[in-house]
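Input: one structure, supplied below.
Here the chain labels run A, B, C, D, E, F, G, H and I in written order, and each chain numbers its own residues starting at 1.
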Amino acid sequence: MRMSKIVRTAADILYPAILIFGLYIVAHGHLTPGGGFQGGAVIATGGALVIVAYNYKEVTGWLKKNVLTGQEVSGLVGFIGVGLLALAFGQVFFFNYLVGSGSIFGMPVPYGINPGELNTAGIVPLMNFAVGIEVWGGLTVVILYMLSGLEKEGC
Amino acid sequence: MIDVWILAVFCLTVLMAFAVVRLVLGPTAPDRVIALDTVNTLVIASMILLGVVFQEIIIVDVAIVYGLLSFVSTLYIAKYIGGEL
Amino acid sequence: MLWNLPFITVVVLTLIGLVTVLLKKNIIKILLGINILNSAANLFLITLGYREGGVAPIFTLAPSELMVLPTPQALVLTSIVIGVATSALVLSFAIVLQKKYGTVDIDKIRRLHG
Amino acid sequence: MDLIAPLLTGYGIWAPVTWLVAFVAAVIVVYLLWKTGESSYKKGTELERPYLSGNVEPEKGAVHIRASNLYWGFLQALKGYYDVLVPVHTGILTDYMIWFVAVTALVLVIVGMLS
Amino acid sequence: MTVVEILIYTCLVIGVVFNSLGVLGLLRFPDLYTRMHATTKATTFGSIFTSLAVVVYGLSMFFSQNASQYLNLAIHAFLAAAFLAFTNAVSAHAIARAAHKSGIKPMLAVVDRLEEAKL
Amino acid sequence: MIEQIPQILVLLGLIVSAVLTFHFKDLLAATLAAGLFSFLISLEFYILQAPDVAISQAAIGAGLTTAIFIIAIRATKRFEGEGS
Amino acid sequence: MTVADFLFTNAPALLVVIPLFAAFICPVAGKISSTIRNLWVMGMMLVTAAVAFILAFRVFVTGPVLYVFGAAAANLAVPLDSGGIPIRIIFTVDAMSAFMDIICAIVGVSVLLYSLSSESRNSGLEGYYTLFFLMIAGVFGMVSTGDLFNFFVFLEILSLASAGMIAYRIDGGLAVEAALKYFILSTLGAIFVLFAIGVYYGQYNALNIAMIAQRMQFTMLDKIALVLLVAALAMKCGAVPLHFWTPDAYSMAPSSVTAFLVVASQASLYGLFRVVFTMYNITMNCVTVGWIIIIFGVLSMVVGVTMAIPQKDIKRLMAYHAVSQTGYMLLGVGVGLAVLGNTTLTSAFGFMAMEGGIFHIFNHAMYKGLLFLTAGAIFYRIGTRDLNRMGGLGHTMKYTMIFFIIGALAIAGIPPFNGFASKLMIYESVYLFNPLLAIIAMVVSILTLASFVKVFHSVFMGPKLPEYADVKEAPLPMLIGMGILAAIVILFGLFPQPVVDILVAPAAHALADQGGYIASVLGGA
Amino acid sequence: MIPFLVTTGMAFLLYLILTAGSGSIGFWSLSELAMGAVLAMITGLVTRKFLCRSESYRLLSPIRLLLLLVYVPVPFFIELMKANLDVAYRVITLNIRPGIIRVHSGLKTDLGIFMLANSITLTPGTLSVGIDEETNDLFIHTINIAEGDEKKEIIESTELFRLVNLPAWIRRIAE
Amino acid sequence: MKKVLVVGASLLIMAAFFGMIALNLTFGSPKTTDMDDYFLRNGQELTGSNNECTAVVFDFRGFDTLGESTVLFCAIVGVGLMFRKMQGGEEYEDE
């Protein structure tokens, strides 16, 4: 059953805010506390908020299990792919081949306390995004699966 | 200057302990839920204050995460208590 | 002043978790006990990495150079994820068992014995 | 690498290929001996049918000895042992976890105190 | 004692006092709904004020030292407080509705229109 | 001195909430106590200068774990020892 | 750089990454079509096995292989400016790890081939194959890693995947019950392992096994950590009195999974040996710990086999035998451990006992896998596991019967199959250590034979039962899967000495040689 | 299309607020702006159906936004202050007279009723307990019902707020 | 009754030995910190990340993180298997 109109409106307003905040955490994983897993969990909790505010039938129309599973798989494949790309360059698996290269995420960082610049850290932000996408899909789909296990359908 | 912040954190922590009393006593489940909510609010407030105590600007993000997410579990519990889940 | 209080808390939490796991009969309660044990292990690791007067190991605008050890935090992140995965799997087992057996009481879930 | 080298156990040797050759030879010898004997069994006569003191031959399924009936004597002989052992496998998860923690504690005492 | 410090002290004191009142109400009031009045209003208000102290501190440091990270602190503290107020109100509504649905009646109530409306 | 007391109180609160989790027969209340445990352990991580872990404990403990526990309680029994 | 060089360098990483990658793609491939999925699964499994064999070849030819994740070069374990400490995750593949890799690869290929047809009637197959590959990755990771926390992570992967697989047949609820027992016990064990890791970290600030071994002082804390690790890993490998999950889980999982669960248990056994031999070695009191392991082993042998005799469920019976055979390995290696500090005794019979125990790991994986697969074939055709309701299947399932006979004779230690070779090594060396233990081991072997005679009689012998009149032989892929294992059983039984020389003796020496392990990681420190 | 743009804009705004003080272009650095645009677009794609569910874009007009910015710190805060003093008084004296009354809100949009309910929950000794989804009437638990109010079937929402007319403000903002 | 006694005894032993762990370690000043000092000293240069925790998670111990994601994936696949719809003609369990 749906919850009351007030909760639904709050969920509608908060879901984009949670989403952008989670993405902020993911993107700033190498500068501020956070990272792929934390950001993904935050976003997944936003999904849980939408799921609780509406009923199961409605929600499965907006958050599709197939899409979420695809997200999860693509996140994982991306994560492994970023690592495997190092093998293509003749490096060791998980070698940080982007740091200091000057290309995307490739600005060098001096040692010591500094204000932080987003465009650094090589493959770390890429991995953050991959893990974030994976956790986003995975944890949301867990809640959907568990709701589908309730005896009374459509709650 | 720092001492004042710590004193405030101390007061909030003590208040948290009192709120836990209601969580223990609470005759019904909703009583416990609102006690938990109170603890929640106090935790967020003390986290913001502790960010100043430690002089670390960036770790206030944790408080925002709490502020955004702590009510999701409350909603689940409310939906369950209301018999709608 | 603080002495070894966090470590002692870890020990007490471990014991409470073990008691919950060993004496309770409900699967969900046992899982809560396992969560407590897991959190105790996490707290143990974090406590091992704490340095008196250190700050979080983040160089962005940090107030000082003395930092706590970063490795335990990385380990605990992994451990937390594993805890969530465990919870989800055991709870889904509990739901399926409720459907098939009509109970989640450990004493009654014993068709496999001998 | 000598493929058919015998296995040195430190105390003796074990040469499977030699053993196998000997075994096959023995089997052949036994077969030859057996072949020399004369069979009194004649196909297509009354000899084929079982004789159960004149009773009716039971159904095929009933002749088969089921698994539970095997080793009945062995189980009876060790009844005291099995009466202790089988109830230990209660099927209750709590008991299993208690065993785990208790054995850990026991080993803790042994290793911590004695060594 | 500068003006800023006085402002910060005032905010902190107000925040702590209202938080205490909220917790006191949580302990003293007779039934769920009245307790909820205490917690949602007083603790939210108190927490907003403690955060406001941090905001004032951050802004003052920003303007006195011109270090942009203090602006960041102020904004983040303000956002935390804003989200807190927002979500507290919603969760209070949800809990009150669920409790009423589950059959917990308000004590000492002079009138109960929701019961009559059968929603 | 004064800065240690909040930490001691949080540690005591951890133990108290763990005991509560053990004690409650009502699984909903036990889950709530576990939620309290999660909040407090996150605060403890925060005090011990591990904000990454605190965020992750916050996101997991505050929302998701409680949610799936509630769903599981809904699918099973609310009270411990309730007959089948 | 040629392909061969590339493979040679990166084999340790690919060993884990390929199964993981295959697992990640599996759900998507399953959505497209089942043929594509089967091709993908089989191809990836063959590639994985090929990589495992290449890696094992390299290890047995050139010695331990290092792979440092994320370093500038694959064997740069210790950065120049770090003052002699390894900082990254290091895969240290020595002879023992390579030995386990080979076992896992062989059993994995045959089991996957088998399950292509045995599970074809079921739903949720993409999940099945995904979890199967995750199990393979978990075993490979556990046996190749040189980092304690990484070991824990792979242990968790293995136990989650195994739990999902055990609960695969959800219709009756029994499988879920077994999975629940297995999973909660292994989670408890994993938490103990985590505590032990914390203790090591707090004392030595290191997570690398070689580094911990080098800094090991055997204080009180180390003793506690040792006990936690030993108890948790002994529970995971199913030693009595911590074996209670084994019969439940082994009997309720699909047969193909059970055959692989044997390998999974042995990976835990490997972990136990790794902890005891490489991390502690002679800094600890070898005699006490050795005797603890010997007692675990003897209890496992006796209790396992005696519990097996009265069983009525064919897979449960075999599961108890698995417990019993685990006892042999523990006994052999425990004897080796108990005399480790004493050079004369070690060279007299200690190494021989260890070689026997390690060889038995290989043999057990092969024949027990074979037996479980035959049990699965029987279940596939007649739909029951109850021995009382079986009979006369020898008339129709001839190949299955032959494979069963091979497996049963091998497990009972009848010459010339491979079980005899390893058991003989164990008997003779253990007899020199303590005659009583050797006698117990022989009696257990006899009882094993007796119990398999019972199974053979009640399943295959007797007249054709009317209810199973139209039972057919198992499908071809299943027979091929069993055939691979049976061929290896015979082969290793006929030519044991080359196997011992090439595979087992290096593994045993690698296990006992702590200094060599540390030197291979830390560079002659 | 419009929902996507609106959501993206809002998300970008929030992102900018979050990362203020990171660089020299205004308060922001170039990489933050670029990353913010990308992330906001992702947010817009995923949640375009949520933020603009009611398909009404009244709140986009600058006057209403300005009013919202004024509403929260001034009238709302005054009522908040008053409510808290009231609660403080009740906590200390325990002088209460509770009851649940029905309030006619007269608002039509979801957003309006949402704002009113939240304002009611946070402000004068009241707590929204239920809502009639058809007529948008609120059921409100009041800690101290004025004499005679319990007789009335429906109370106008303006009667609840003595100092500032919050419903009027909300109507001006949301409708 | 016997069960409770066994539990009590083993928990007492566990408490004693775990207490030994707690008393032998020192809070706030780890004995050796050479590995983590290396991370703090060289982490920024090697990985370019200001957050050393993330640097450890994704670079120095990146393989652990891959394993962690895999654990989550594992659990999700397992949960999906638990709640799948069974089709007709599947193998059944007897008893």
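The criterion applied here is as follows: contacts are C-beta pairs under 8 Å (C-beta built on N, C-alpha and C of every residue); 3 or more make two chains touch, one makes a residue touch a chain.
A quick note: this is a predicted structure, and the numbers were derived from the prediction, not measured.
Q: Tell me the fewest steps from chain B to chain I, where a step is a jump to a chain it touches.
A: When the steps are counted carefully, the minimum from chain B to chain I is 2.
Q: Farthest from chain C by Cα centre, which chain is it? Let me know.
A: D
Q: Which chain pair shares more contacting C-beta pairs: A-I, or A-G?
A: Pair with more contacting C-beta pairs, A-I versus A-G: A-I.
Q: Could you work out how far the Cα centre of chain C sits from that of chain G, in whole Å?
A: The mean C-alpha positions of chain C and chain G differ by 28 Å.
Q: I'd like to verify one number: the distance from the centre of chain D to the centre of chain F, where each centre is the average of its C-alpha atoms, in whole angstrom.
A: The computed centroid separation for chain D versus chain F comes out at 54 Å.
Q: Could you put a whole-Å number on the gap between the CA centroids of chain B and chain C?
A: 21
Q: Roughly how far is chain A from chain D, centre to centre by C-alpha average, rounded to an integer in Å?
A: About 57 Å, centre to centre.
Q: On chain C, where are the residues touching two or more other chains?
A: Answer for chain C, listing residues that touch two or more other chains: 2, 5-6, 14, 18-19, 21-23, 25, 27, 30, 47-50, 55-56, 58-62, 69, 71-73, 75, 77-78, 81-82, 84-86, 88-89, 91-96, 99, 101, 109, 111-112.
Q: Multi-chain contacts only, two chains or more: what residues does chain I have there?
A: 7, 11, 14, 17-18, 21, 25, 30, 33, 35-36, 39, 44, 50-51, 53-55, 57, 59, 61-76, 78-80, 82-83, 95
Q: Any chance you could list the residues of chain D touching two or more other chains?
A: Expected reply: 86, 89, 91, 93, 95, 97-98, 101, 104, 108, 112.
Q: Under the definition above, what is the set of chain I residues touching chain C in their complex?
A: Where chain I meets chain C, its residues are 4, 7, 11, 14-15, 18-19, 21-23, 25-30, 33, 35-36, 39-40, 43-44, 50-53, 55-57, 61, 64-65, 67-69, 71-72, 74-76, 78-79, 82-83, 95.
Q: Where on chain G is chain I touching in the complex?
A: The touching residues are 20, 23-24, 27, 69-70, 79, 81-83, 85, 87-89, 121-124, 127-128, 130-131, 134, 137, 141, 149-150, 153-154, 156-157, 160-161, 163-164, 167-172, 174-176, 199, 202-207, 219-221, 224, 252, 254, 379-380, 383-386.
Q: Report the residues of chain C in contact with chain I in the complex, numbered from low to high.
A: 2-8, 10-11, 14-15, 18-19, 22-23, 47-52, 56-60, 67, 69-71, 73-75, 77-78, 81-82, 84-86, 88-89, 92-93, 95-96, 111
Q: Over in the complex, which chain A residues touch chain I? Could you list them?
A: Residues 29-33, 35-37, 72, 75-76, 79-80, 83, 93-94, 96, 99-100, 105-112, 114, 116, 120-124, 127-128, 131, 134-135, 138-139, 141-142, 145-146, 148-149.
Q: Mind pulling up the chain I residues that touch chain G in the complex?
A: For this pair, the touching residues of chain I are 17-18, 20-21, 24-25, 30-36, 38-39, 42, 59-64, 66-68, 70-71, 73-75, 77-78, 80-82, 84-87, 89-95.
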